[in-house]
Every structure is written in structure tokens, then in C-alpha cells.
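Next come two complexes, and both contain chain A; in the first it sits with chain B, in the second with chain C.
Then we have the complex of A and B:
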């Protein structure tokens, strides 16, 4: 048994593919999923973070601390195109000052992925590390992420209309358990199609003129349900189908191909890429406006600079097309009552607009 | 017997209640301080409303709104429990059918509602902080030693309002102290404060939304004529302030309850009913959900605050 205990920060259900990949590449090490995010996580994270940093930093720092407390000694972290790219450097410093002794496997350092460095690191953690195996299991993991995201699309469109309470959530849990035990790609592939069928066959009661709402925003807060106070689920409960393009599949694999197309589609509003996902979100807002969506909800964590830049443009797009947009900014401690009030009012507004449109078409 | 509907708006600072008839005429109304005890405030409020009503009135519907709407809705067994944004829009629409913009500044929150053809098309509410709300205005009035009722009148006498930072309450406060310490006359500071509230509101809540007339201003702060005047100057639009502007949320929710009224009659008798909330922390996981158990006559009627079914166990 090796002395390594590897862990990584949480985001939604993506711990399943990450755990899968790591457990097949680091056979000797123990892969530990950090404890689920709770109020204590964010409390810990906020305590040791600079106050004006974006909230995802606080969440990830909190999960890392909790993982270290549970005995992890290797932490894997990635990076992105905004402040996220600098998370690991800062987190290493903070955690060292707190006296934790661990190895930090930084997949993206200074905004770049250094394959050679990662390889050396992997060799150190597992002397039997094989590139061939990494490619094979890497491929399965990528497909797993893709399938999870595709199932999530189905869930978001239908969960608000479920007949049996929690039927979608329970089925998803079951699917994830099966996913994490697959041995070959073929197995994963057939599981995906089985579950896709099961999801589509779940009993729902969808009225003909249901509401459609598009969700856009900063990647972590929109994807991690705890960070957005389960906004998607709360909204769905009103009987709303939700569309969200931001997911790991998009960010890692589709974005680089699609971004040029998206920029072209929104050339009447923006000329240049605005950093992180700002331009994507503006393009999505325009897409939702022109495809008969009833409303748009924009979510970000406080102090998320790229999204702050995108917000005025999004309001402009939405006022041009007369589609209502609601902005949410989440911090470590946002009042849930306030969120509830805003969602309720948003739904009432959608209903009133619908009634008005009907009364016009009748006359 | 005459059918009537009760609407109650329980805000953070004040509790407003109205009784209206089927034609939306006001039969009774009152405005009292919540003082951190919504249950007691509502008991007092209902007693006062009952005194104003004649004997041939039957309450056929009850609506609650405001931040304590859920609790009071349970207590009164209300037939409509709705958020204050919708309530304000409905109430204002009933009196000003062609209203396009509703500005609302209350004790802890402020909102802007845009309507078109009587339909809410957009709204905004302040986020995270209470900058530019009534609470800030009243705390600053206390600091300056001006009674809040005199505040607006004093502001009107100013000819040269001082400039006060409008972005953030904390900056505004230190700016205000500085202006006071260099000896500006009080009326100029007070007028500057009114202006900073207006600019703050338009920056933080309005955020470039197109404000079109007719503009109706309501909420507790609308009673402050200094702020009304500053709104008129900044927006260059006449600002309508209804004599019942502070009651508009309660009127709106009463109207909504009249639309969904059932046949039962509410007795409005709460003397023998005990109502209490017991809070506890759930120990099942590190979420430490704050569980609220609501008891009516010592009987558990509802539980809030649990993130999972484990929190339901008493």
C-alpha cells in the first residue's frame, strides 16, 4: 500500500469521473473524495481566504482543508482563464502557512498545462504509471463527463414536471454508482444508453405551454448546486424547464471550437473575447432571446470580474429583445429568503407576461 | 353582510395592514412598527383594524406579503402568500393603471418594477447590502439629531446640497461625517444625503434600466419629501406619491387574496391561539441546518430550514 492519499476539490457530481480516472492511474494510492460541501466547508474556506476573492476560491479552499483534515496528502487542482488560473498558487501559500504538509499536483500552473511536469509528478506518485493506460482511461473519463452532461440536459428539462418526488435525483445517483464501476468503454456506452432510456421514460406531467428559462453565468457557481443554493432545482419546482450550456464538457472540449462561432453570432454586441466565459454568456443570452425562451437567469459569485463585464451587455441584449433577465450574485452567506423572494417574483412576472400575450392574441 | 379582504405586509421595520372591499376601497388600515416581533405586531395590528371596521363586515380572504409572509401566512391561515414585488405591482396597478415604473424604497430593501400595459416586464431588487434604504436614512438622521419626520422638510430648505459619495453606505457615512466636521449647514448635508440615496438607488438597483413615466414612488422612504424632490430633479419626471404609498404592498396582497377567495369566513380571533417558533440546530451533518418548528396551540404545524429529510425529526 502506498503512502499517498489523493484528493481534489469538489464541483457538483464531477467527483465521479475524477475519482474514476485517478483510481485507475494511481493503483497503489488511495483516492479520497473530500467530504461533501456543507456550511462548514464554506465557513472554513472564508476564514482563510482574502475577503474580496471570488467565492469559488473559498469553496475549493474549504474542501481542500476538509480533505487534508481527513488525511489526504496529495491534492489535485486545475486552473482556468480568469482568477481561477491563480487559485493553486495562492492556495498552496495559504495552506502552507496553516501548517499542512502535502504535495500539490497543479494541472494548470501560470495559465499553462505543462505535460512534462505532470508526467514527472505522476511518475513520482506511481512508479508504474503508464502513458498508454492514461490515454485509455482518460478517454473513458472524457466520455463519462460527456454522458453525464447529456443526462443532465434531460434532467434539467424534465425535473420540474416529475410525478414521483425525487425520481430524477434517485435515478441519477444510481447511474453515477454504475458509471464509477465500469471497466471498458463499451460497458460505459451501453450503460449510458440504458439510463438515457430510463430517464426519458420517467413519468412526468408536462403541460403544453410550459415555461423555458435559460441559465448563464460563472462556471463554478452555476455548476455547484450548493454554491447557488440549489437555484436550478428551486426554479424547476415552479414547473419550468431549464436550459444551461455551461458544463465541463463544454468548457473543456467544445468551447475552443465554438467560441469563434459564438463571437460571430454576437458581433452586433461585442467585438473581442472578454475573458473567461463572459463572451460565451452574452452569446448564449442572445441565443435564448432569439429562441423563444421566457426568461434568462444569470448567476455569478460576488467579485467575479469577467461576469461583471458581461452583465451590462446581457442587460442590453435582453432589453433589445424584451426578454426578462434576473441577476444573482452569490456570496459565502447570502440570505436564502431573499433568493426565494426573487425567484417567486420572477415566476409571477413570467406568468403575467404570458397572460398578457394570450389576451393580445385573442383580440 | 359585506365581503371584505385583509392584506398584511410584514416588513423588517414596519407592519402594514389593510381591509378592502370588493371594489378595492379601503375600509381600514394601520401602520405599526414590527420591532422584531412579527407575531405580536400582527396581533396588535389586527386588533386595531377590527376597531375600525363596522359589524356588517365579513373577512373572506387573507393575504400576507413581506419578509415574514410565510410565518404570518401560517398563523392566519392565509389563502394567498406572495412576495412583495408582485404585491406592490398589483396594488399600484389597481390605482394607476397606466403606471410604467414603480420605485420602492423600504426599510431593508429597495426595488424597481417596470411595467408595460399593466404587465410586469422587468424588476430589480438590491443585492447583498442595504445601501440606500430607509434603515440608512434613519440611522443618519439620528446621527445628525434630526427627527426622521422633519428630515424631508429640512432638506427642501437647502439651496446647495453637498456632494456625498453615493456608491456605498460605509463611504457615504464617512463622507457625511467629514462634511459635518468642516461645518456645512445641516440642511445642505441632509439634502445631500437625500440625493445620495437617489443616486445610490439608481446605480445599484436601476443599473441603466429605462425609467419611463408615469413614475410611482412608494415604500416608507416615499414619505420623505426631500427624497421625492431629488428623484424629480434626477429623473426629470414628475413623481407620483400616493397618500397610501406606504400601504401599497398590503393593498396589493389584499387584492390578490380577493381574486382567489374561498367561501369560508375568517373570524379574526387570535386571543386564545398561541403561536410560537422553536429554533434548533440539526446535528446530523456539518451543514448544521437551522431548523424552525412552528407550533400553533402547542401542536407542530410546520418545519422549515431543513436541507434534507433528516431535519424533519423532532
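Then we have the complex of A and C:
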């Protein structure tokens, strides 16, 4: 029985690659995936969080508390830019106050990763830690994230038109299970192509004039299905194809190369980087407007400062191009019914616009 | 005729007003500063802004609205960072583009981003060139303005240190400059404290290098410039004060994290005040009175 139990906060299905990486690097330690996010998680999180802090803090704090309750004693938190990088310090303080005993590792703070600190930590957790192995499994993990994101693109475009109910979700779960058991990169590569074919061959019934909606927004809320109340599935029920660019692959590897290009494309609206993903989202909004999307949905957690700054610009872009936009601000106490009503109204509006355009073209 | 530059009296104005005003008057450029925040300006701000924006940003947009038809250029600073561990609030990053989308007025080029080589001097150089001045002139004006600013702040910092010897209770106020000195947010509250006989010590007014260094004692990973300067004041004067007041505008992104952390680490009596555009001063007064009572009992 090992003495270390490693756990980490949830975000969508990305627990699969993270668990894969950790279980190959820390053979002695036990990797524990935190219990799935439920309404109890967010209740716990918001109970101990400051009031007007953005919601991802509350979600991550809730999952960490639940993981610690299950016996974890090492917490790995991703961190990141904006306020994410500073979450760890306050979370440590709050958890200490609650009387938990644990080790906390924050990977990214203020846009920089302290590799030396991470190496020391890894050596402490696993004395046999080897850098070469870490590089190899790190590479496989990165590729796994990439493949998952590419499959997700296919799912989002087609899930609204599936013939057999839940066929996409079941196939995805099967794929994730196989992914987490791969041993070599070659195996992963062939699995990916197998499943890509399977996903493309799933039976769908796509009408000719289906609605296409672009999704933009704050990274955690848009990626974690529980944080946005399964908005993507709700939309899919109406038969809407969704396009979303924000995913881990984009944020970690593509963003720094693409940001200049995106700023150039939107130079008539913005001039500088507006912090976090605000300028990316404005550029995406413009892309959706110019590429004949029927509508845009903007998602953020409440009190997300960069997105609040971006919202006036996004509404200006959308009013210039005459594309409808729906703003969602998710908090711990948002009601699911309210969201469904707004989506229904949005869908009705899209339909009415389509009919109006048709009647004009007929005349 | 020369073009008039409009300066909104909010955000970084309170940090750099000496620098900007001296710089512009040295270059013989007429400028206009919007009046102190009043109810009309707050109403303008609420019209122009999104309802989730922080109170200070709403007021800023109100000042911009006021200046719109009174000037030819707006001076809207865009400050990304003063170094890797001296970043600013995301509102400052986005300020240029937010204002640009609210008004059609041309905005002066003022961009500071030390991580990418845009220093303060470069920002002023570009601004001066845009106003049609020569490089040598701009350099002189900038250095003169910088000297004058230093002189001004040295005097204020000295006075702030001297205030530590004044009558008890001495209260350290931790608030951003643009919150503390805003006519509608911070000043009514500091006035209340002074009326009740407290000595106010402003956490902004300490030697900045020392404050930045000392902030590490409270939080090792903090990377926001303004917050570091404020937090750094606590270890400097910890033994000479009786209480700490945190004052922030709703919903300030930095304060929501940093103040919560600091509150858990200090061992002094503290009061956390969050000002909203609908909060009444009477409620604040009750809280301030009871806080003062606690301090008076302790002394």
C-alpha cells in the first residue's frame, strides 16, 4: 500500500489523459479520480469560497474537498493565466482552515511553469521518476488530448441528428476506455483512426438546412459540461450543429501562434490583447459572423472580468453583421429551467429569421 | 488651433496625474480633466456599461461620456504589465478597446507592456509623436514630469509615515487608488473614519520597492502590481497600526482573491467593505461605527 494518493480537479473528460500520465509516471502512488461533479460539489465549493469570485474557483474547490474526503493527500492543480494562477494560494489557505492535511502542486502560475519545482515534487512522490519516461508518456498524453478534441469536433457537429439515442455518447465512453489502456503511441494512433471512422459511420439524419451555432466563452465554463448545465446537449436536442474552438489543445498549443493572426483579423474592432481569451472570442465571433453561422452563444461564469470586457465588443460585432447572439452567465445558483427557456426562445427566433429570409427571397 | 486632450478622472489618473498633467503642459498641449465623480457621471456610466462591470470601470465610462464632446483626443492608458510579476487587472488590458467600442473619439497611443519591450518612456514617446511634437522636446518633458512626480510622491510618502505618530486608533486602509480617492466610492468612507477620530494611513503611499519586496512575506505567488504594493504595506507598518480596513468596489477581480487571502493571514482586527452603486451609506456607517468601537475597546 503506497502512502500517496494523487487527485486533481475535474474538467470535462480530460481526467482520462491526466490519469493516464500520472499512473505511468507515479507507479507507487495511487491515482484517484475525484468523484464526478454534482450539485453537491458546487454547494460545497460555494459555501467556503468568497462571494464574488468567478465560478471555476468554486467548482475546483468543491471537487478538491470531495477528493480529500475520499482520502487523497496530493492535489495537482493546473493553474493558468488570468486569476487561475492565483487560485492555489487561496485554496490552500481555505483547505488548511478546514483541517485537511495534503500537498498541493500548482503547475502554471502567471503564464510560467516552474519546471524545477515540478521535478522536485515528482522525485518526492516517486523516487524512481525518470525524465525520459516522462517525455515519452507526456508526448502520448498530448497526442491523446489532441485526438480527443478532434473527435469532440465531430461529435458536436453530428450529435443533434443521431438516429439511435445516445449512440455518440456511448461510443465516446468506449473510446475513452480504450484510450486509457494504450501502451504505445502506435496503438493510440491506430485506435484514433478506428474510432474516427466509427464516429463518421454512425447513423445520422441531417436535414439540408440545419442550424449552425458558434460557441464562444470563458474556458472552464465552456468546457466543463456541468458548469454550463449540459448546454451543448440541450442545444443538440433542438437539432443544432455546434462549432466550438476553445479546447485544451487550442489553449495549450495553438493559442500563442494564432493570437497575432486573430488580432489582425479583428483589427477594425480591437487593437490589443484584452486579457485571457477575450480577444480570441471576439475574433471567433467575427469568424462565425462572416461564415454564415445562424447564431452565436457566449458563455461565461459570473464575474469573469475579461469576458465582461469583451461582451460589449462582441455585441457590436454581431449587430454589425446582423447575427443574433445569446449571452449566458453561469453562477452556482443558475436554474436549469431558465436556461432551457432561453434556448427555446433562441431557437424559435432562429427559425423565424430563417422563414423571414425565405419569404424575402421568394418574392 | 491645438487639439485638446481629455483625461478621464478615474483609474490610473490617480496614480499618474502629476506625470500626465506636467507632461502635457510642458509640451504646451491644452488638456481637460473631467470633474470629480458626481451623480450625473455615475448615471452616464451605468448607461454606457455592461451591468456586470466593476463600479470603477462604470465610473470610468461615465467620465469618458462626459468628455466626449469637450475634447479632440482621449488619453486612455493601456497597461499590460510592469514586468512578469507586476501584472495589472484585466480591465486595464482591455480599457483601450472597451472605450474604443463605446465612443468614436480618437484615443492617444499609450501602451505599456514591459514583457514585450513597451516601456513607459516608449509609451510617452509615441503619444508625443502622435501629438506632433519633436523627440527632444518629448524627452525633456517626460524627464521633467517624472522628476516632478517623484518629488510629489516623496512628500506624500513622508507625510504618510508621519501619520503613524498621530492619535489612536490608526487604521491602514487597503484600497486601490481609484477606489479610495473617488468622490462617490472611497472619500465618503474615509471622511466617516476621520469624523470618528481615526487616523487614516493609505497603503498606497509607501516606498514602492520596499512594498513590493515585503509583499512576499504575505503571499509568495502574488503577481498583480497594485495588489502587491497594497499587501506589502501590511508587514511594513504591522506594529504601528490598530486595525485594517479593506475597501473595494464591487465586483473587483483582484480584491476578491487577494483580500480574502490576506484576511486569513493577518492577526489584526479588520473590516471588509465592498461598495456597490446601490449600497447606502447608512449601512456602511453602522458597520464603521461598530468597528471603531471594537478598536477603542482594544486600545
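The definition used in the following text is that the second predicted complex is superposed on the first by the 359 of 363 C-alpha atoms of A that agree within 3 Å, B and C clash if a C-alpha of one lies under 4 Å from a C-alpha of the other, contacts with A are read in each partner's own complex, and residues count from 1 in each chain.
By our rule, a residue touches a chain if its C-beta (ideal position, glycine included) is under 8 Å from a C-beta of that chain, and two chains touch if they have at least 3 such contacts.
Everything quoted here is computed from the prediction, not taken from an experiment.
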Task: Kindly classify A:345 by the partners it touches after superposition: chain B alone (first), chain C alone (second), both, or neither?
output: first
Task: Examine A:140 and indicate which partner it touches, taking first as chain B and second as chain C; both and neither are also allowed.
output: neither
Message: Contacts for A:337 in the overlay, against chain B (first) and chain C (second): which applies, first, second, both or neither?
response: first
- request: Kindly classify A:21 by the partners it touches after superposition: chain B alone (first), chain C alone (second), both, or neither?
  value: neither
Task: Have a look at where A:356 lands relative to chain B and chain C in the superposition and call it first, second, both or neither.
output: first
Message: After the superposition on A, what does A:223 contact: first (chain B), second (chain C), both or neither?
response: neither
Message: Output check: A:302 vs chain B and chain C. Expected answer is one of first, second, both, neither. What do you get?
response: both
Task: State whether A:109 touches chain B only (first), chain C only (second), both chains, or neither.
output: second
Residue contacts with chain A in the superposition, chain B compared against chain C: C
Task: Figure out whether A:319 sits in contact with chain B (first) or chain C (second), or with both, or with neither.
output: first
- request: Could you give the residue numbers on chain A that contact chain B in one complex and chain C in the other?
  value: 302, 312, 329
Chain B residues touching chain A - in the complex, by the definition given at the top: 67, 82-86, 109, 117-123, 125, 127-128, 207-210, 285-288
Task: Write out the stretch or stretches of chain A touching chain C in their complex.
output: 50-54, 82-83, 85-90, 93-94, 97, 106, 109-112, 269-276, 278, 302-303, 305-306, 308-313, 316, 329
- prompt: Inside the complex, what are the residues of chain C that reach chain A?
  reply: 49-50, 52-54, 78, 80, 84-85, 87, 89-91, 93-94, 96-98, 100-102, 111, 219-223, 250-253, 256-258, 260-261, 264-265, 274
Task: Flag every residue of chain A that touches chain B in the complex, lowest number first.
output: 35, 38-41, 302, 312, 315, 319, 322, 324-325, 327-329, 331, 334, 337-338, 340-342, 344-345, 348-349, 352-353, 355-356
